[in-house]
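Next come the structures, one after another.
There are two complexes below, and they share subunit A, which is joined by subunit B in the first and by subunit C in the second.
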Partner chain A sequence: MRLLTHNYMQSTVKGTERGYPLKIEATKIEFEASPFDAEFIQALLPKIDYTTLLFALKQISENGNADLAQTIIPELPESIKEDGEGEVDEALLKKLHTVMFDIHVVEGELVCPDTGRRFNIKMGIPNMILHADEL
Partner chain B sequence: MSRPELTGHASSFYNEKEARKYDSSSRMIGVQREITERAIELLRIPEGKPGFILDVGCGSGLSGKVLEEQGHIWVGCDVSRDMLDVANERIERKREGVINAARKKQNDDLDEEKMQDDDSDDDEDEEPCASTGDLLHHDMGSGLPFRPATFDGCISISALQWLCYSNAKGQIPKKRLTRFFSSLYQVLRRGARAVLQFYPETAEQAILISECAAKVGFAGGVVVDYPNSTKAKKHYLVLTFERAFKAPEGLSEGSLFGSGKRESVRVDRKANNKKGKVHKKKWGKTKDWIVNKKDVQRKKGKDVRPDSKYTGRKRGDRF
Partner chain C sequence: MTNNTDMEHHSEISHNRYNVLIEFAHIHLEFQRPELESVLSLHDIAIGRDCIEVPLPSSIPTVENYRPFLILSFDYHYAKEKFNLDDDGYVIQSDMSRFSKIDRTKPTIASVLSRCTLIRSAIELWGAGPSFDSCVEHARQLSSGCAGRITLENCMKLSSSWKITIHTLGTKFNREEQNDMRMKFAFFNLPGKVQMVNPTNEFLLIREVELDPKGTPLSQERDNFLSPPLAVYYGRVLGGIRDWRGNGRLDQFSLKKRSYLGPTSMDAELSLIMTNLGLVRNGSFCFDPFVGTGSILLTCGLRGGYCVGTDIDIRVLRGRSDEENVLSNFKQFRLNRPDLIRSDNALYHRHYRMNKPIYDVIVTDPPYGIRAGARKSGTKEEKIRAIPEDRRHDHIAQTKVYPVSDVMGDLLDVSARTLVMGGRLVYIIPSMRDFDVEKDLPNHECLEIAHVCYQPLQTELGRRVVVMKKVKEYDPSLRESYLSSVWINGPESAEKCANIRERLLEAAKLKPGYEEKAAYRKKRRQITREEKKKQRAKHV
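Let's turn to the complex of A and B:
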């Protein structure tokens, strides 16, 4: 599961106030480089929740992933500053690309912030199947 | 051959063996690819503009592959874990392909540096791209676990009809369909479209699906490609937010449907249009026939009741 996907996921269990953003308890993360398209990332920026992205990064850096996390997660600013034309510096775009697309949570759990409901992640695939009483 | 939907839950039909069979069948790959390309065409995303697409019932990732080739990022969900595992393997193979290609390029670059050759662009076309898809193990009938206005588009290939069959206690198709569509309505961006290819078993099913979609606020219609061929006939439910939507023509003779849901669905071309037809008794049971039969019996010498005004009169329903 990429952090880009995590940025959009929320819990739809019955009775959940908001269910977003989901906390990540990652037991295994992986890094895999992918082709970088500056224009695409630039266009994607306004659509993602940056605070959630930073939150997710912080989460996966804990839990024994700290070593790997330190090597692959780049430093990101608190907020994204655009220059005069509304464009973002390419180096920053590259870092954002790495964070959103190249980091995969392979094993772990997603936790709903409101209800504490846990969703298991196995082989990079989160299990979002709801039980009959959660609908 | 019965429909897979009648055998049970989707995750039990698409078990490990079936998933492998499905994914390795070149015919299946070809068909699914064609359907996906048509669905993406109906999505009407501007050329060259990559989008964030939801693939409902993504299965082993055959449709996701086509989305990737067209430059989109996608998230797929499926209720069958076995199918998702097969999709994962495909992504793994691609990943290895990327890593190997990268290594090869590195080695080539090193060689070229030694030869002081600047032309290192030869390999670029051969390099496979890493997969741009993410997978979710999820049941579409329970809604979609995403923030509102997430996706630029949604496709679904050969999956929607599974919602019409109840596989567990308390599963009501209409409820699941409504839940799915209302959730879809929320997670799509305004101006986005959903194109859902499905195999309706009956006209009623297609109508049920369309009505559930209309109830939650979608506009749109069903596009039918090749309506005359039983094998090639494909139904695409195209859903939009634009009230003035006009469904595009289906392929071949093209069955053009308006935006009204009820009249836009025609699964069985031989379905009788009973408008204006006088209700006629089935062959053999008219009053004339009865009187005739009684005559024949009388000639045979059997004991037959005399004809009266009650002969062959319409009786009420038994229950």
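Let's turn to the complex of A and C:
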């Protein structure tokens, strides 16, 4: 699961309205570099929730493989600054690309911030199916 | 045919314009033009606006059968600005990046058109007519047009070797006859020598004949008399290779080579076409809500898209083993892994936050119950039992039958909500012959149908690929209203694809030999079961 995908996932177990964003408790993360396209990342920015991205990044850095975290995961600023033409500095775009696309949570759990309901992640695939009594 | 009629046909293919003749493969007939239009639109080219389609010359007033040819005519200055008309290097390599990269900076026409799965070749048209002689005559006038003159001049400069290939669609001519045909075009006086292998330029002389619905030429000889051709074309091959569909091009993605397959894996050719219809390109955000074994998603990946797939069936997502799953297919083609999630498309709005539209393309083959029944969350049991805490987190939640009418309704609604404006939904819907495209397809106020293409599978059954475009912003407060107006003809339409399994079975039962076949299959299943039992007994 990439952090970009996590960005729009939520929990809506019966009774909760505040199932976003999901907490990430990663037990195994992997890094896989992918081709960088500045234009694509720039176009993607309005579609994501940056606060959630920072939140997710913090979670990953804290648990999961500490070594991996330190060597590869970049730091992101509190907010994204655009220049006069609404464009973001390329170095920052590269970091954003790495954070959104190249970090994969392979094993772990997603936790609903409200109900505490846990959704497991195995082989990188989160299992979000609700049980009959949660619908 | 009188000379006057000949001239009428000629005058429409003007040598003041840059003309290209496209030859299609004779399959997926209904997909050919939509695929071509879609691929052209990736380069911001629209037939009618940036180029025109010229009627094919014809020696018969009305041809009933399909003709796998199309002539596009460009204003010369437009063509010169838009394309690299000089460079015609070999574009048909097995390099996979060619499938994804859109070269916006003066691509060659071949590199634009070769993205179409269904195009066999394209030639720069130098002469065309309803007969051999009229084609030669038309070719003689090439340099009298401003575009033709420049084309010829350029060719003269670049041509160090050349050859003329004769394409007669099944009719046989002996060597002498073929050479006679070639000599008719000797007036061009091309410099350089004739070279059979890898010449700088290959010219194609096409003798078109009428084909039957299967693509076989209609009988050409009657009483030892050879029927005249339907049309004759002469031109320079673009892309450096006569047949773009040969050379194992499609073979790389063939199902046979993939490590993970399931009973409903989409054949490679159809996936390639669907992703063209969806306008998938580098950086497209692609989504398949019924991803299964990922065969369609794989093609999105091949075209450079960022892929997300969901499915309610955890077994198919995880695959058979570490070496045989959706991810291993992507790895096999050296693509970055897709994001897969086990979720329920009927509850998309509950699994995913939808405040902003994010997908560029949604392309999928929804489950119709023919080979893979659809499921959704929930249980068919009356009393809902709570799952004990200690088993909760890895419990595979029960699912219940998901009626096809809802599958489609939810698909359209999710698409309308999550596609960006102008984004496309491409899906497959099985249909029997009695399907009314106007009234039986599902609708959504925010989506407009761009194309519907039919692929016949058996006499009674075929499938349609439907392409829809998002044209209106989604209003969440209208969700119920959107969902209730999905089917114009009400539940009957949904029934038409929903009950296909039963109807197929009914139709099959009426066929001769059904009883025998059924008994045979039952016996084979029994044998397989016994084999498995023996295997298991061994391992104990």
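Operating definition for what follows: the second predicted complex is superposed on the first by the 134 of 135 C-alpha atoms of A that agree within 3 Å, B and C clash if a C-alpha of one lies under 4 Å from a C-alpha of the other, contacts with A are read in each partner's own complex, and residues count from 1 in each chain.
As a convention for this text, a contact is a pair of C-beta atoms (placed from the backbone, for glycine too) under 8 Å apart; a residue touches a chain by one contact, two chains touch by 3 or more.
These numbers were taken from a predicted model, which means no experiment stands behind them.
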Clash-or-fit label for the pair subunit B, subunit C on subunit A: clash
Which of subunit B and subunit C A:Pro46 touches, first, second, both or neither: second
Which superposed partner A:Glu109 touches (first subunit B, second subunit C, both, neither): second
Partner chain in contact with A:Lys58 - subunit B first, subunit C second, else both or neither: neither
Contacts of A:Arg118 with subunit B and subunit C, given as first, second, both or neither: second
Subunit A residues touched - subunit C or subunit B, whichever exceeds: C
Stretch of subunit B, among 148-156, 274-282 or 310-318, that runs into subunit C once the two complexes are superposed: 148-156
Residues on subunit A lying within both footprints (that of subunit B and that of subunit C): 1-2, 4-5, 8-10, 12, 20, 32, 34-35, 37, 40, 44, 47, 49, 101, 123-130, 132, 135
Residues of subunit B defined as touching subunit A within the complex: 50, 52, 73, 75, 77, 79, 81, 84-85, 88, 95, 98-99, 102, 129-130, 132, 134-139, 142-147, 150, 168, 170, 179, 183
Touching residues (chain side subunit A, partner subunit C) in the complex: 1-2, 4-5, 8-10, 12, 20, 32, 34-35, 37, 39-40, 43-44, 46-47, 49, 101, 104, 109, 118-120, 122-133, 135
Residues on subunit C engaged by subunit A in the complex (per definition of touch): 282-283, 285, 306, 308, 312, 314, 317-318, 325, 327, 336-337, 339-344, 347, 350-354, 356-358, 377-379, 381, 384-387, 392-399
List of subunit A residues in touch with subunit B within their complex: 1-2, 4-5, 8-12, 20, 32-35, 37, 40, 44, 47, 49, 101, 123-130, 132, 134-135
